[in-house]
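See the structures that follow.
You will see chain A twice below: alongside chain B first, and alongside chain C after that.
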Partner chain A sequence: MGINVINPGLATTIQDLGRPGYYHLGIPIGGAMDRFALHCANLLVGNDEGAACLECVFMGPELEFTQDATVAITGADLPPKVDGEPQDTWTSLKVKAGQVLSFDFLKGGARAYIAVSGGIDVPVQLGSRSTYAIGALGGYEGRAIAAGDTLPVGQDAGVAEGRSVPAAMRRMPTGPVELRMIPGLYWHRITKEAGEHFFDDMWKVAPECDRMGYRFRGGRPLDFVPREQPFGAGSDPSNIVDACYPYGSIQVPGGTEPIVLHRDAVSGGGYFMLGTVISADMDLIGQMQPHTETKFVSVDMDQALNARHERADALQKVRDVLV
Partner chain B sequence: MENRYSFGGDEHIFVEVNEEMSLEAFFKSLSITTAVKEADIKGVTEICPANASFQIKFDPDVIKPDDMLAELKSLEVAAESAESRIATRIVEVPVYYQDPWTHETLMRFRERHQDPNASDIEYAARINGYDTVDDFIKAHSGAPWFVSMVGFVSGLPFLYQMVERQRQIQVPKYLRPRTDTPRLTVGIGGCFGCVYSVRGAGGYQMFGITPMPIFDPKQEINYLSDFMVFFKPGDIVKWKPIGREEYDQRVAEVDANTFTPLTHDVTFDLAEFEKDIDGYNAKLMEGLYGN
Partner chain C sequence: MSIEIFSPLPGTFYRKPAPDQPVYKESGDAVAKGDVIGLVEVMKTFYEVKSELDGHIDVFLVENEDPVQAGQPLAKLKG
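This part shows the complex of A and B:
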């Protein structure tokens, strides 16, 4: 019993809130790129907020249900259909045994979350069901779902259909995005002028944007403060002695194209980083499509913590409505 | 050496022990991160030692960033007076140098290499001043290596050779990273050795392959059944050059799940090591091989 995958979509993976505690071994936290959307999807169907959902990027899957279930789709504007009938996003709906859930073309955002009452019940590995494909860990046999898979579903908590997250509480990028970041780490490696135009220039999300990281193009190359490279760092001025990479850290290999590391980050490497996107804006990155215009905005720690509290409050408001 | 502290957003503190690589910097990073672990600070979610730096991830809802910073600074003072001695193990890792699989891969990516007319190991031998590839292999496998960081992806060890700085092998990374590297490739980038734990992208020069798996998410391999990752920072590695015949034999043993790595528990003392590096390494080998 469970869900039969007729068509998997582009890169649909099972994700929850991730597996902290193993980054020192190169195993990243993983989990939903847009955690707020995953929380909401689970709240809508009466799951624990950290239950495993399907994360689909740019394109939805086609899924046949072999048991009755309550389902909710949040995150990207990816219009769902049940047996061809259009349904609302951010709203719980009933799917009966034998019915097929499919999707129309993406209208906005990048990643949709499909929560099923009872959660996707694959085995827990290192404390999480999240798929870490590079390490063949978690999820469905350590990989994205494929046609012919049957996804196990947990015990249904039995929540009513028609519950909805009010439109004003949903979060989706519209137009150019401002990503707030705290300058630091190896910021001192670039010149003052380079630091100024990094913030002045308009960047665009490159096609290379995935769970590991988002690459940006379009800004001017960054000049480095001249130095004799330290022993072990490598010869390029953008090289450092291989070090840890914070989640959200912005590395700029060769000084040309910034890469913001995300949930499936490589845990370390030999490129300098000029700062780190604040935790409050990480979800937003998960909803950015290629070519999205982006500006980086410098903030301090107090502003970062205020933004973090605002995000926690926003989630609490959803809980107050739904629970 | 005074640590340089920087916040990585609102959830990380990044600490550079030294700009340049050295065993002293690595030991300081290891001793502070061990102290952080033992201090059991509420709100700390990740403790990541690296080659000459380290990083702490914390929950700012539980501990304020400035309080976290103060905790780390007080632990730095305590770690400085600590002895540079660690209880660790030495591991023999068999390496089939110049194997056909990494060779096939490196030939596919020649246009991304500094010297398209040579193989990676020929290039590394030449720029490090060795007359022959055999001499280079002797240098690479002659003295042991410290695991100075685990990361990048799934249990991949970075290693630093236990010789004087002037004898360190150094090679640049590929001009542009490869999109493919065979699983269990042994290579070097900068001054760091590595074993690719899984197949994937990579920029290090490729010298050979080991038959010994070091990451098993299914935990079926006997020596990875307790935990899926083999290496941890502080492990000492001795490369053992092997040929095709022994490689095939070891692979058969791994497939039959009868292979276990040769390991030996040791106490490593950095001050003693630095007094007589070759002599100290020779003693480590005696411990491993029991003569």
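This part shows the complex of A and C:
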């Protein structure tokens, strides 16, 4: 019993809130690229907030249910259909055994979360059901779902249909995106002028944007402060002696195209980092399509912590409505 | 009857399987259901865009290497 995958979509994976605690061993934190959307999807169907959902990117899967279930789709504006009938996003709905959930073309955002009452019940590995595909860990046999898979589903919590996250409480980028970041780590490696035009320039999300990182293009190349490269660093001025890469850190290989590391990132290496995108804005990156215009905005630690509290409050407001 | 083929996802549209290869289809070419008419690249993945019916390509609506949105028409077919 569970869900039969008729068409998997582009790279649909099982994700929960991830597996923090192993990054120092090279195992990324993983989990949903838009954690707020995953929390909301689970709340809508009466699951624990960290239950495993399907994360689909840019296009939806086609799924046949073999048992009755309550389902909710949050995150990207990816219009769901049950047996061809259009349904609302951010709203709980009933799907009966034998019915097929499919999706229309993406209208906005990048990643949609499909929560099913009871959660996707694949084995827990290192504390999480999240799929880390390049490490063949977690999820469904360590990979994106494929046609012919049957996904196990837990016990139905049986909440009502029609429960909805109010529109004002949803979060989705519209128009150019501002990503707040704290300069630091290796900021001193670039010139003052380069530091200024990094924030002045309009960047665009490159097509190379995935669960490991988001690459940006379109700004001017960064000039480096001349130095004799230390022992252990490569010869390129953007190289450093190998260091830890934090989640959200911004590396700029060759000084040309910034890459923001995301949930499935490598944990260390030899590129300098300009700074780190604040945790409150990481979900937003998960909803950015290629070619989205982006500006980086400098903030300090107090502003970053305030923004984190605002996001926690926003989630609490959703709980107040739904629980 | 004129029918459009839509991009299923956002990315970059290619009319060729590789830079040194000929295009999949020219305007006026016959297509059968399931024929690949182009690729959309996103996240280092190339997704094949296929025709959903038999007919002829009337016209391509986007150029090779153009950025495309999900649901954007890529070509017109004559049934």
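The criterion applied here is as follows: the second predicted complex is superposed on the first by the 323 of 323 C-alpha atoms of A that agree within 3 Å, B and C clash if a C-alpha of one lies under 4 Å from a C-alpha of the other, contacts with A are read in each partner's own complex, and residues count from 1 in each chain.
Throughout what follows, a contact is a pair of C-beta atoms (placed from the backbone, for glycine too) under 8 Å apart; a residue touches a chain by one contact, two chains touch by 3 or more.
If you're wondering where the values come from, they're calculated on a predicted model, not measured in any experiment.
Visitor: Between chain B and chain C, whom does A:Gly184 touch in the aligned arrangement: first, second, both, or neither?
Guide: Once the two structures are laid over each other on A, A:Gly184 reaches chain B alone.
Visitor: Which partner does A:Pro290 contact after superposing on A: first (chain B), second (chain C), both, neither?
Guide: second
Visitor: Could you tell me if A:Met59 is touching chain B, chain C, both of them or neither one (first, second, both, neither)?
Guide: Second partner only.
Visitor: Who wins on chain A residues touched, chain B or chain C?
Guide: Comparing chain B with chain C, the partner touching more chain A residues is B.
Visitor: Kindly classify A:Cys209 by the partners it touches after superposition: chain B alone (first), chain C alone (second), both, or neither?
Guide: Second partner only.
Visitor: State whether A:Leu151 touches chain B only (first), chain C only (second), both chains, or neither.
Guide: A:Leu151 sits against neither chain B nor chain C.
Visitor: From the superposed pair, tell me which chain A residues show up as contacts to chain B and also as contacts to chain C.
Guide: none
Visitor: Help me check something: in the complex, which residues belonging to chain C touch chain A?
Guide: The contact residues of chain C facing chain A are 6, 8-12, 41-45, 47, 67, 69-71.
Visitor: Within their complex, state which residues of chain B touch chain A.
Guide: 6-12, 14, 16, 18-22, 45-55, 57, 60-61, 65, 149-156, 158, 160, 165, 170, 172-173, 189-192, 197-198, 200, 215, 217, 228-229, 232
Visitor: Which of the residues in chain A come into contact with chain B in the complex?
Guide: Where chain A meets chain B, its residues are 20-21, 23-27, 125-126, 132, 134-137, 142, 181-182, 184-185, 230-235, 239-244, 246-249, 266-270, 273, 275-280, 301, 304-305, 308, 312.
Visitor: Over in the complex, which chain A residues touch chain C? Could you list them?
Guide: Touch residues, chain A against chain C: 10-11, 57-59, 104-107, 207-210, 289-291.
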